[in-house]
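Down below are the structures I want you to see.
Two complexes follow with subunit A in common, the first pairing it with subunit B and the second with subunit C.
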Partner chain A sequence: MNSDDKTLMLEIDSRLDCVALVGISIRALCLEYGADEMTAYQVQTSTVEAVNNAIIHAYSNQLGHPVWIRWSLADKRLTIQVSDEGMTMRQLPPDIEPEPDAEGGRGWWIMRQWMDSAEYMTDSGRNTLILSKSFSNKH
Partner chain B sequence: MDIQEQRQGEVIVLGPVGRLDSLNCREFESHLLSALNDSGKVVVDCTALAYISSAGLRVLLVAAKQARATQSQLSLAALQDNPREVFDISGFSAIFSIHPTVEAAIASFG
Partner chain C sequence: MDYVVYLEPSDKIVMARVELKYLTADVAHQIFAEILQAARGTQALAIDLATVDFIDSTAIGELVFLGKKLRNGGIACTIAGLKPHLMGLVRMMRLETIMHFSEDADAGIKGLVNKLKIEMPNS
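Let's turn to the complex of A and B:
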């Protein structure tokens, strides 16, 4: 790891009232390391969608389970990893814009549109969504 | 969440303050659907709406469907830059009638 690389780990309980704190923290980190306002907002929103999915879908909105958020910046590439130990997604939503009347699927659509990539994987019972995006940092 | 509510003639103006997300979307949905039932003409004043997630978008979509089914009228006003980006990326800018001010939204009801 390069000495200029930055990493922060957050852990929250699977409670929706914790999600805003994660989003605010992620946005602040992005702004601190050179993202413009809109990029920081896009990363914040994408992260919130990912954490919401972990709580609502992986843990069925049950309290008392861990959600981990790893923020890292290396070589001007931002990576956000959101991990849980809940139910694994067997199939990802299709990468197409939801129909106008569709009430679901917009979280994934937003993440895919605003981040450079959104990859989902499972290893040893832990599900991880990896979001990445390039931006120029000032530090 | 703080939801400002005022009546201007037969129009109910609802102003969500701060964040509209998974945590509070049910509360806002209840207010919004009740307002549509009560008056049939509702403006959501987004002046103080700083953040909206897909859960918040879903509430507006549910309300738009109810408005369509009951021939009520629903408009949005004063959407700020960041939430507008979410609307644009989600295709919601084409679904909703969005006006620069509450007054313009009310005037659009005719």
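Let's turn to the complex of A and C:
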């Protein structure tokens, strides 16, 4: 790891009222390390969507389970990993734009629109969604 | 997350002023259910979201659900005061094709009054 690389680990309980705090923290970190306002907002939103998914879908909205958020920055490339030990997604949502009157199904679409990549993996009972974005990208 | 919904009812238009910064999955359902309840029996609803800095997709889904309920009930609605970055999200979702958005609460109320040809509240 390069000495200029930065990493922060956060852990929250699987409660939706904790998620805004994660978003606030991620946005502040992005701004501190060179992201512009729009990029920081897009990363904040994508992270909140990822954490919401872990709580709502992986843990079925049950309290008392851990959600881990790992923020790291190396060479202006931001990576955010959101991990849970809940139910594994068997299939990723299709990469199609939701209809305007859809009441759900926007989270993954937002992440795919605003991050450079969104990858999901499972290892030893732990599910991880990896979001990445270059700070030098034009939005 | 604490929030306050100020309701200014009249027999024709309900003004719902939502005071919170983060309109997210933990509170959205409760807030919009409260607003829907207050709007029953009126002709129009203006929802002022000027204090909101952040909206997640769950809250957007709840807003869409509210919009459908209002349309089915024949109640006109406008969403007022969204900040520019949130309007960007609205446009990306093409929500402007199914809901009405106003620059601020005053413009929203005036628009509803003109649309429905009713008197301004408190006039």
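Keep in mind that, in the parts below, the second predicted complex is superposed on the first by the 135 of 139 C-alpha atoms of A that agree within 3 Å, B and C clash if a C-alpha of one lies under 4 Å from a C-alpha of the other, contacts with A are read in each partner's own complex, and residues count from 1 in each chain.
We take it that a residue touches a chain if its C-beta (ideal position, glycine included) is under 8 Å from a C-beta of that chain, and two chains touch if they have at least 3 such contacts.
These numbers were taken from a predicted model, which means no experiment stands behind them.
A.B. asks: Which partner chains sit in contact with A:Ala28 here, subunit B, subunit C, both or neither? Use first/second/both/neither.
C.D. replies: neither
A.B. asks: In the superposed arrangement, does A:Met121 touch subunit B (first), subunit C (second), both or neither?
C.D. replies: neither
A.B. asks: For A:Leu92, select first, second, both or neither according to whether it touches subunit B, subunit C, the two together, or no partner.
C.D. replies: A:Leu92: touches no partner chain.
A.B. asks: Touch check for A:Leu63: first (subunit B), second (subunit C), both, or neither?
C.D. replies: neither
A.B. asks: Give me the intersection of subunit A's contacts with subunit B and its contacts with subunit C, in residue numbers.
C.D. replies: Common interface on subunit A, subunit B vs subunit C: 16-17, 19-20, 23, 37-38, 41, 44-45, 48-49, 52, 56, 98, 100-101, 103-104, 106-107, 110, 113.
A.B. asks: Please give the residue numbers of subunit B that touch subunit A in the complex, ascending.
C.D. replies: 19, 21-23, 51, 53-55, 57-58, 61-62, 65, 81-82, 85-86, 89-91, 94-95
A.B. asks: Quick check on the complex: what are the subunit A residues that touch subunit C?
C.D. replies: 15-17, 19-20, 23, 37-38, 41, 44-45, 48-49, 52, 56, 98, 100-104, 106-107, 110, 113
A.B. asks: Which of the residues in subunit C come into contact with subunit A in the complex?
C.D. replies: Residue list for subunit C touching subunit A: 1, 22, 24-27, 54, 56-58, 60-62, 64-65, 67-68, 85, 89, 92-95, 97-98.
A.B. asks: Which of the residues in subunit A come into contact with subunit B in the complex?
C.D. replies: Against subunit B, the touching part of subunit A is residues 16-17, 19-20, 23, 37-38, 41-42, 44-45, 48-49, 52, 55-56, 97-98, 100-101, 103-104, 106-107, 109-110, 113-114.
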